[in-house]
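What follows is a pair of complexes built around chain A, which joins chain B in one and chain C in the other.
So, the complex of A and B:
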């Protein structure tokens, strides 16, 4: 008997059943729409931003939101809406870069640890050591070494993501290795790397991707926190955490300067978390049943 | 139990050593020369060389590392490059403040999170469940600084109910407690979401178990079934999550301390990095990591108390 999911997949493109499942949940639909709008805003910032994000106008300092300036202006008269669009771009790039680098390195380490018992102890103890440094501490440490900036945040987030992914990948690899198809692959003479690449990785990848979608929101929050502390993207470059920090000096009489970029981060992460949860519910066979 | 505690303690040793290695490496990777920073911009090459010798920076790397580990074990973390004060003294003052904040946060946030999780699980599918779970997703999505600034604005500035800068004194004094309320609430709000969610999931699993059905069949009240037979077993995975969340809590503490000018280790670390005061930054980072390891050790021991099978293994 053909399952509804496989018939849907066969009928349309590979991710169709995902979209159909997401479409059934109104909260997921709203989250998807919000996330799409934010991504579009970030990608099209150059065309849709009404002002230059770096243009200073001392005659329009700390203006409240209005039709002229949708999100108001900051302490140097810069348009917060335009800066938020560009800032969103940097914030999203920070999160994705960290997830990509940490996810790739962590997956390789996890698969190798799962596949080679001799390497397992050393690699996983090393991962334990890295895990004993909370992510934000890595940010502080790396900022101390290479100086504050976007690169420091990406390295810190990547390093702190690596051991988490390695653990997940190792667990998934151990489960995959217990299956007969791995023994069959070995029996037909495949070498270790071919086994890992062709049989183990494809069976671990959905678990890893689901974890990474849930981690993405956390990475963005951590990146924004580091920027808020003054250790991330440096002004005048727009980044949402940095923008929020720049408004603190005027918080009691112009709270919008801090609150608006902070709420943009909140809506971005909230929609990512809701979609991550839905994705997990759809892809995890235990939850699906 | 003692044997289990000893085993966990032994396992923490290599991790602690790893933290020290990373801490030491940091000092050596920093591009600025500590001897030059300490000597000041006008110092001659001879003075810098003399300070370099005094600080042991001319010795081989392995010797420097052993000396560094020895110093850390005896509580000597060097002196600040900015104010020449002992790093250990600065840290001992700041560590107390951070610990106060984290403990106060756990005291109110942990029971609240568990109760919310139990409530959501026992009323699954109702409006209670939806509101609690919706709130917890929102909680994990909020930047700490947004929560802090809103609390500061509403309760500190507009309503003027509570002080919002600095530490008033020890926690057990009224002024000290009043100063700690807003930062600990800020920190607790990021902690409640994930713990409430995990409690709900774990409770739903446990409430389906045979022993819970038996307890109900015996005619025990729903409250006894939920709390004595359900919650105790459901707490095991929650304890694991609490251990993992402590790192996130420490990260949150660093931001919270900065917002509320709380004189803790996180604020000390950020200030030291901005001022290029590497010994203080290094000491603060190591102190926070060791605090993280110690709290995880406590969580491991709690785990054994809750689940006797762990000790048997």
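So, the complex of A and C:
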């Protein structure tokens, strides 16, 4: 007897299977290694960083990369390598908080919309409205209201992530609701809360998680863009987008000030996207042969 | 358990008493009845079989009794569902949650997809138990093992921790039965419980249901399009066509003397194992959709006996023989069959 795909994939999180599948693909391996290195750097910034990221040294302004200063120095003589490590920390934190907040709110809205047809139209049209504004515009609006800073960026990213997650979650919920096990759950007398929490959510979660891993890269990129525009983390605090913006003035004679933080963002987002893609290939039952 | 007389109504008060039950499908401005004025009773320790073609409203009837029909578009328009004398129709969703799985349970057609894939079998049986009693999870697990043993699953101590995907279809249907019977319901509604299973497993499941019925005295409503299953399992039978009950009789009476031309057609369309072999007689045509039911008797376009009266007036469900009710102008004592 052949069993339907859904029942196989949902049976517990395929943790081991996941690592084995990732290990088979060399590109994913490199991405995983890069990402791990970047994360380690961010977490251990306090111990790794050779200099204080805020220490100004006017004698060593705009030095090119050398052994003394691995990534060179910026317009105020600060060590770019140290600043990149600390900046990475802020950038990653921005992305993760946005994904966490937007993911949670979006999942709740999506599941409720899928579960209660009466709430569906109102909630999803609201999501469409939010979706029609570019995230950058949200950043501008929120920065105008509460002032520029890390909080403004997190709010803007969360708000722009929410409707995307809500759509995915609603679709996944509708698919889960069409299964007989939801009817049989109802038939044993479970209430809506139990059905949503124990029947619908667990059967949607892998779809949502895969989407969030793909969204994480975008969120980080957006966060960096907002900081680049001056809406996010304020100088002198290091943040990769802010750092890239600070180098614009001397781009033609000291391009490393802008290029190095940009490349760090590039590698961060690229490795996240590659991993997100492979994660989707592994977890999405429709793409699995 | 007292052994009831062979005719319905002769016994004590029924467990489930359905009166004038009507479910309507509302699409736009159009209102079409999908179950139309069904009245019948189910008694303790007895099995009521409901037969009919796809689309005749038998599944909607069972979902309607559980109040599980999707509202909108469908809604219960009128009628009563008396469970031990109290009406379920006016109950709120909250109150219905107390009834479902506790006093009425249901088994679905597709055992392969009827279990939640993310939880173990034991957890899901325990879930049904804990929804209606304040059992601890250890006690629920113990009870789950007992139930699994009762429905004939070998090695229940081990199986209780397995996920549905590692069980076969027959095993899963046994688990579904264990879940349905967990709270010792008064009524068990089985909607095509064996349709998705192969024949040997089908026989095992039917045996199991029969023995559980004798043990617990649960009244069973068995929905099937398989007349063989009905003949084997049911004490009384209802034949549905286009949302209406067209024939209602004790099982022997129905199979010995089918009175409605549709029932006769259904019986003629199954091959006889013994005796002379004839070409099978299919009933021509299909069940008309709910929004396009013909005037008069809904069966008349497919019926070889139909005349003016059939086209104009709808025949009432009347007792033509003792305990045998038929909705046909041409049926009855002395009528040609």
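Worth pointing out:
In this section, the second predicted complex is superposed on the first by the 275 of 289 C-alpha atoms of A that agree within 3 Å, B and C clash if a C-alpha of one lies under 4 Å from a C-alpha of the other, contacts with A are read in each partner's own complex, and residues count from 1 in each chain.
By our rule, a residue touches a chain if its C-beta (ideal position, glycine included) is under 8 Å from a C-beta of that chain, and two chains touch if they have at least 3 such contacts.
Since the model is a prediction, treat every value here as computed from it, not as a measurement.
In the superposition on chain A, contact is made by A:179 with chain C only, not with chain B. Judged by the touch definition given at the top, the superposed model places A:50 against neither chain B nor chain C.
Contact with chain B, but none with chain C, is seen for A:231 once the two complexes are overlaid on the shared chain. In the superposition on chain A, A:189 makes contact with chain C only, while chain B stays out of contact range. When chain B and chain C are set side by side, the one touching more residues of chain A is B. In the overlay built on the shared chain, the residue A:199 is in contact with chain C alone; chain B does not reach it. Of the two partner chains placed around the shared chain by superposition, neither chain B nor chain C is touched by A:249. Comparing the two complexes, no residue of chain A contacts chain B in one case and chain C in the other. Those residues of chain C that touch chain A in the shared complex are 66, 68, 94, 97-102, 105-106, 108-110, 112-119, 127-128, 131-132, 163-165, 168-169, 176, 179-180, 182.
On the side of chain A, the complex with chain B involves touching residues 125-126, 128-129, 131-137, 140-141, 143-146, 148, 217-218, 221-222, 224-225, 228-231, 241, 244-245, 248, 251-252, 255, 258-259, 262-263, 265-266, 269-270, 272-274, 277.
Considering their complex, residues 1, 3-4, 6-12, 179-181, 183-191, 194, 198-199, 202-203 of chain A touch chain C.
Remark: chain B residues 14-15, 18-19, 22, 26, 29-31, 137-138, 140-146, 149-150, 152-153, 157, 247-248, 250-251, 254-255, 258, 269-270, 273-274, 278, 281-282, 284-285, 288-289, 292-293, 296 touch chain A in the complex.
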